[in-house]
Amino acid sequence: MKVAAVSDIFESAAQKCAADYGIPKIAKDPLELINDPEIDAVAICSSTDTHADLIIAAARAGKQIFCEKPIALGLDRIDAALDAVGKAGVKLQIGFNRRFDSNYRRVHDLVRDKAIGDLHILRITSRDPSPPPIAYVKVSGGIFLDMMIHDFDMARYIAGCEVEEVYTVGAVRVDPEIGKAGDIDTAVVTLKFTDGVIGTIDNSRRAVYGYDQRVEAFGSLGMAESANRRPNEVRLSGGADVREDLPLNFFVERYTESYVTELKEFVECVIGNRPTPVTGHDGRMPVAIGYAAKRSLDEHRPVAVSEIK
Amino acid sequence: MKVAAVSDIFESAAQKCAADYGIPKIAKDPLELINDPEIDAVAICSSTDTHADLIIAAARAGKQIFCEKPIALGLDRIDAALDAVGKAGVKLQIGFNRRFDSNYRRVHDLVRDKAIGDLHILRITSRDPSPPPIAYVKVSGGIFLDMMIHDFDMARYIAGCEVEEVYTVGAVRVDPEIGKAGDIDTAVVTLKFTDGVIGTIDNSRRAVYGYDQRVEAFGSLGMAESANRRPNEVRLSGGADVREDLPLNFFVERYTESYVTELKEFVECVIGNRPTPVTGHDGRMPVAIGYAAKRSLDEHRPVAVSEIK
Amino acid sequence: MKVAAVSDIFESAAQKCAADYGIPKIAKDPLELINDPEIDAVAICSSTDTHADLIIAAARAGKQIFCEKPIALGLDRIDAALDAVGKAGVKLQIGFNRRFDSNYRRVHDLVRDKAIGDLHILRITSRDPSPPPIAYVKVSGGIFLDMMIHDFDMARYIAGCEVEEVYTVGAVRVDPEIGKAGDIDTAVVTLKFTDGVIGTIDNSRRAVYGYDQRVEAFGSLGMAESANRRPNEVRLSGGADVREDLPLNFFVERYTESYVTELKEFVECVIGNRPTPVTGHDGRMPVAIGYAAKRSLDEHRPVAVSEIK
Amino acid sequence: MKVAAVSDIFESAAQKCAADYGIPKIAKDPLELINDPEIDAVAICSSTDTHADLIIAAARAGKQIFCEKPIALGLDRIDAALDAVGKAGVKLQIGFNRRFDSNYRRVHDLVRDKAIGDLHILRITSRDPSPPPIAYVKVSGGIFLDMMIHDFDMARYIAGCEVEEVYTVGAVRVDPEIGKAGDIDTAVVTLKFTDGVIGTIDNSRRAVYGYDQRVEAFGSLGMAESANRRPNEVRLSGGADVREDLPLNFFVERYTESYVTELKEFVECVIGNRPTPVTGHDGRMPVAIGYAAKRSLDEHRPVAVSEIK
């Protein structure tokens, strides 16, 4: 496996990347790369609004496809992309990298293997160290499609079944500017799953102690819980208290390993002709749940995911 | 301070108690004890349906009153009792013992002292090691008034403000017999507080690993979280994994200290003529929230606590 | 079982104790109490220099005996006391309370039950929150007989065999006054046991973070380690670090439970006519090891415990 | 900075390495590489008996030198190598990689910055998951020069001063074959440092629960302790106990990061013309301490490091 070519809307960025990693070719236009018969697979890491078109083009060109989440912000665009993939019979893997984190994977495996029996309650905590710039908030699609989408994926990944209904409580607590931009920064969503599991997800745009990424799965035979990862395992006992360093600060530190693993598994699936671990359907569902969560907040009532078309 | 007399519907139990603890007097009828002019204060620990009448009698007799929770299952009975207490000008303390647990108190103090800044999200986990007998479930008032009532109190205690609205998702996952008895055994309730805090409470009637009693308070400047207490601090590293003993199994072990402290503080408040740490209002509100939670489950919608009369 | 009488060199202390706990009789002279035919057992908690004589008197009077550690500072006095106990055929239990602490007991049981296989290395940490007054240091018998004696007992208790040889490194690091009083305040002792176990004990007269009492048992099949007990299980995550409260500060808080349990077990052994859990031999050996540790420090060489006569 | 050439006694290994990492040149003879004027620095990672000669050759050729530990097993060979380095005025860094581990570095920094005040007691635990093959044990130089040498370096690194005297207790507990090969597999060494710190190191060739690498620094103002690193932060609470996965199994997993960092820092020191973080003296001292520890075991007495010539 070799990286054959790189394309970037900013050509200098593509040039730097090619130089740094010894990539032999630069494509000005991504379609040039997508239509290159020497290339077997593409990774689409451009801005969200370009994902669906590039997926469709790549599928038609018979390429195996890795694409960053979300596929698109509109379900119709997602469906068009998935349709193209289906017709072309190519593989598609969506970049929900957290599925490849060793903590989440361990909890997933314990649930899948019934180490905690039947899952009854699933709790997901996901808090960022600080909010993105307001300019970004305005175009992000909102907390549900930008931030909690990862947690909707995690919920489906760990529960192993579909989300049926959601109920949202939200607030602007971190920064009034986020409210003025039409978004919220603090949210708790309750989920009902098809197999009777009850879930809660809580999000905050600012945890002063760093990136807070935890999950707890409670079931008939026990509980599996993951804690945050720390930069070291040192404890300092002093005259006033016992201290530890804060957890790893943000996704770059916390999820480095998972980014490497997700691409490695994509390549292995392509080479071994196996199904990808995060499918197009897995890319679609969190977007639908995100719309349901938003509607629940707006209409102050539980909303079935099936209401979202 | 001395225990002057004891009364029990089963006289032999009163006799044994008097013998074991050197209590000089047994009263067949609790009113005998309540109307004894030598007695300054009474602790009402009889069955729930007798609480309100005994509170009213004790208040009229000018006694200081400690009463186990709940005051009554009907808000009208509670209000009658509180009215009598108010008119008599006596003290009333309700037996929400968990407020006196060193873990919950520490989290409460940190929130009160703004060590975590403004509280944004409050999470309470409360799971029993095993469900009560079905016969008890039938007369218990249901999971919200029997079990989660403690958590509603905890929510108000830690948040330091009132619960405004609740939304309930519940299920029968532990034992179908509980469902046949008209109750549920697994519940997640989302709470909105008057000052904008969002809370979640999850209950299960059976955690195979023991009594699971934790709280997490997340705010603008940090997070305070309490873990379960363990019988020892030993870790065993073996060839397969690292093991610790299960947490303390149930309320008798976990909350021993809190039962002692709550009565000690009641006595100190009476002697020092200070307000009690858990008032009649504190006894009333969790019952109202419990009814709101039940209505939310039944009507599949968020319910304002103010709807409950 | 009832407490029949109390004696104290300060009569007012005996009077207060009798009043507080409803003890019917005060004896001016402890021999009065020891020779009272109505009394079955005595607990000797007076100053160390009186222990041996009182044990001898109690043994001759046929009493079952609980005695605080150490039996005496001289091995000849200890042997005289044990001899009297042996001839009288009465029970003797020495007050090594830490054997009854739930943490140490758990580690002991895991070692005894071979949960860690054969014990290879035993590490004991024992650090006080602050040194005793210099006046006390001068009469204490020194760090080995006053403080580390508990750890020598713990070493034998957990290893389940005898200490054969010790090597001591010590220093005055906490307070030069301790050095002027002829003692040290920081010590590390290496132990060789009869069955090949290697042990280390470290003591400091001052750990600013509180009472540090831990043990680690490493063996062919694993490791058991006990951590300090804390006043609560709360963690506070803030903008700078994650904090926990300091461990329980000193022996009164840390070992409350063990003091209750040791006396309870003594009473049960007397009533059930079973051997006591801490024998006279268990009281003698830590003193002998203490002398060996002191000689090792003085002579700068490993010292066999058998050298101590 | 670029890797210019690679040399290996097995030419095919050098070829594979060159191919995998795009290294342009292979040298059959390491001297060819050492004497190449295009090359600025060399990393000597060959077998121990070749280190000193290659250091001398590289120093004479004016190369900056990174060399794996130990420099040599003989102090005379070490001194010859250090002499050549000194005369040539080149940099030398010895491969004590653990100094670059984030846990040890954090403890080191806390000690250096006096966060625990003056260091009083230093405890180092270092246990391998399983012993090396007997064939290796026979040529390894023994546990003190092969395994504990890392801990002697760690002791000096954290204490920030020199080891003055050692006392060793050792045993064959893991495998009798190790004893037949003239070595021991379990050892506890007590260290006295020049500034009054007392240290203990314990080693075992087999910890069934994996690679056990911890340090505890106790001082006048507190304690810093590092725990083992784990593959994930998941806890599983079941009906019998609470479980965590074992720590990272061996040095490849545990110290990956440190191997990368040590070479990165070497390169930065060369480029920035700064002193290396692990000097030739740092490479020499652990070997001397190792010989002292061995002599202490053989002669059953404390041995001053200054006795080793």
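Labels for the chains are A, B, C and D, by order of writing; each one numbers its residues from 1.
Keep in mind that, in the parts below, a contact is a pair of C-beta atoms (placed from the backbone, for glycine too) under 8 Å apart; a residue touches a chain by one contact, two chains touch by 3 or more.
All values reported here derive from a predicted model rather than from experimental measurement.
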item	value
C-D compared against B-D, more contacting pairs	C-D
Chain pair equivalent in interface to A-B, over half of contacts matched, among B-C, A-D or C-D	C-D
Mean-CA-position distance for subunit D and subunit C (Å)	40
Distance from subunit D to subunit B - Cα centre to Cα centre, in angstrom	57
Multi-chain contact residues (two or more partners), subunit B	207-209, 221-223, 237-239, 245
Complex contact set, residues of subunit C against subunit A	207-209, 237-247
In the complex with subunit A, residue positions of subunit B that touch it	117-118, 120-121, 123, 127, 167, 169-171, 173-174, 186-188, 190, 192, 196, 198, 200, 202, 204, 206-209, 212, 218, 220-223, 300-302
Touch list for subunit D against partner subunit A, complex	22, 102-103, 106-107, 110, 115-116, 221-229, 231-239, 245
